[in-house]
């Protein structure tokens, strides 16, 4: 495996997601251009970069949500634990079950908190309420929201404040024990207190799970992840351990962005 | 590489999705297909190149439909526009209108025929079967649907007027300088839509102008395309001259109403996308 | 809004509701129970009659018209009738076999014996109802046993009933003392003018219900039952066809197909076809379904002309296609009110499109979809013109013997409330009475339209309100 100098990876890490010359065109516009890097297993990786730099497209490439876009072309390959994500014979449903996704705007599914968290399991036809109750409880516990939400399990999820709502989404993402968590600016619309709540939950649940997190919040990017990938105009500019990226960036653009000079 | 946590997708989930796709694919394409087939059939029957055409007869019917539609629109629009401008944004008004607009257009015609026309004809000597009655019936009947369409078109723009009120504008100023100019395309679209509907209305004409609206269509001819279709089609033999003429009338009326509707649709779409401040 | 604006708005709202209100008032007043009048003619002769409405045509020529006790209508020069007084003790009898009769109760004949006395009136109604029920039962029995071994026995019982029936009736005496015998079992209604407002209101109500629930009589009065059942059957059939097809199309376009050029073309053109006039659909239905498919079907089956005529099936298909575009448009609007993000979240969990539909879209938008589905019923109810081409018959038709509600057959012509009101086959008497049945018929149709539309738009509005609340929260 050839790793260019500007995105080094620790030789000890096993790759979990591998991008190989990954290029995406959406409605005629190039969203990602020749992205080629690995996301190591069991680590938190932050994707940073200005709006429109391709962070969301990258996340949607891992869970195949890009396939739902009407006008979409791609080349290259994405491998999830060695299995190709793109291709004719790939099963969307399986890929999405192996990934857990949280979107930026904190939209929950219609219905109660319980229904939201249990949703992925009910997709597989699980109807036993004992099993579902236990799964909901353990998912909410793993995002440290059980104490807060146990009395509101059967209230509408949409009526919760933004922070707890995003915790419900997080619980929904982890309830099916996915091997990787994809968080597209999970704190984008949250105030600092709620952000703290979600971050704490993330730290608690990540453990040995791989997490891909896109964010605008540079403080968050310096706090949480093991690795940071900086994207600019669909191109991976620089990728490396968080400390090095913030303290000794190689590229000028990376330094400018991460030090808050633009973006 | 096998993950212990990896879930399997149950077969039944896939089968249900395929099945639903099949049912929706077949059932869902049925309606568009039936509509398209019916229109194609009409076009084919109208046989536009057939030499047996009596274009003057078809033209007479079409003229009747168009002029009736115009007169009805002219009669109805002042009331509808005033009402729509005054009653903007009220849910009660809207509910009232929805109810009234659901009343068949034949009702005003029926009442005119049985109640007003005899009385007026006795007082002022206007014949009961005068084509003017059809115009009045249609105009009266068109007010509620037109008003409803108009008030749908005027639904937006609440924000600017609230801002204008906040700046101390009077209601009439707001109306003149903000609402009217901002909603003019919507008004035009709604009026076109009303015109499209009035052109195709049949029962009101048929009821009031009787079974032979000779006063309009000339010697023994029906007044409008709709009336002609109802009265003459059962007697026409398929493929004959009358049949072809009637089909032509139907086709041209359809083209007319649909294209007016399509234009109004475009105007409204543009208004919706571009009219937002 | 300024005060003037408010007044103008209320005025306009009242004006647009005026036709419907007028229709309601006229319908109800025309069915008002009337009191017969006892009047003097110039020669000293007395007549028992109902003075008829002053129609504009006649009143200008200075005549008044009366419905006489023998059921005929006569014109009298104005002023020639003097000494009129209401005569609430006179009875009015509506028979299946003859005109309306007005007269004093002279006696009741039961199986040949003439009864007189005070308790007659109370016994009269129960006797009449009992006889009519017996008759309906026996007729059904004879019909049911046709060709079966029990037929002889049934016919015997029927003949026995007939013999007794011939000799059971009512003696009505008119103002000139001539007496007429009316077979009791043939009487649809025998009543006196009600006194007191409670009795009047009750009679009034009953009169309206009677006209709605009865089959028509040979005199051309009353009897919207057939028209009502077949109109309802038509609305339900065509609404179900059109609404369901539109719903499936909307689900296909919005939930199944990827948003692309073709979906947009199909969607737009289906919406635009809502503008095609109803009567054009009628013409297409006549040519394509009745004379096309129907004739082919007849040739195939070889049972003579059956499907090649206008009928309920072809009419419902025509109305169904006609109603589909509006329902499609409203279904699409209801589906678009469901936030796209919900679908994305569900898909990201690994849901199939069907699961998204079943677990997310339908539970949150079912009200809107139901409303859109019901819109097809409202549209089908409001359209009359195409029916005149594809199978509505211009007669009230009907089962005079009133044995059970008969649903119209799918291949047969059917009476329709709208067509009846607009092109009535009613008798002269109906016209003389001011078209009460035609008024009632179009009024009921209007109620159906408004009812369906109101239900539909209530569901649609509720859907919008709830979804807006869900998204906002």
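Letters A, B and C mark the chains as written, and numbering starts fresh at 1 in each.
Definition applied: contacts are C-beta pairs under 8 Å (C-beta built on N, C-alpha and C of every residue); 3 or more make two chains touch, one makes a residue touch a chain.
As the structure is a computational prediction, the values presented were derived from the model and not from experiment.
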| remark: Per CA centroids, the chain at the heart of the structure shown is B
| Centroid-based (C-alpha) most distant chain relative to chain A | C
| query | Measuring from the mean C-alpha position of chain B to the mean C-alpha position of chain C, what distance in angstrom results? | reply | 26
| request: Provide the C-alpha centroid distance between chain A and chain C, rounded to the nearest whole angstrom. | output: 63
| Distance from chain B to chain A - Cα centre to Cα centre, in angstrom | 51
| said: If I count partner chains per residue in chain C, which residues reach a count of at least 2? | reply: 350, 352, 355
| Counting only residues that touch at least 2 other chains, which ones in chain A make the list? | 93-94, 97, 123, 176
| On chain B, where are the residues touching two or more other chains? | 9, 13-14
| note | Listed in rising order, chain B residues that touch chain C in their complex are 9, 13-14, 16-17, 19-21, 23-25, 27-32, 34-36, 38-39, 41-42, 45, 79, 82-83, 86-87, 91, 93, 95-104, 106-108, 110-111, 114-115, 118-119, 121-122, 140-141, 143-144, 147, 171-172, 193, 196-197, 199-203, 206-207, 225-226, 229-230, 233-234, 238, 246-247, 250, 253-254, 257-258, 260-262, 265
| For chain C, which residues count as touching chain B in their complex? | 1-2, 5-6, 8-9, 12-13, 15-17, 19-20, 22-23, 26, 55-57, 59-60, 242, 244-246, 248-253, 255-256, 266, 268-284, 286-288, 291, 321, 324-325, 328, 350, 352-355, 357, 378, 382, 384-385, 388-389, 418, 421-422, 434-435, 438-439, 442, 445-446, 449-450, 452-454, 457, 461
| Touching residues (chain side chain C, partner chain A) in the complex | 258-260, 339, 341-342, 344-352, 355, 359-360, 363-364, 470-471, 473
| query | Which of the residues in chain B end up touching chain A in this complex? | reply | 1, 3, 5-10, 12-14
| message | Please output the residues of chain A touching chain C within their complex, sorted ascending. | response | 63, 65, 68, 70, 92-94, 96-97, 99, 101, 103, 105, 107-111, 119-120, 122-123, 156, 158-159, 169, 172, 176
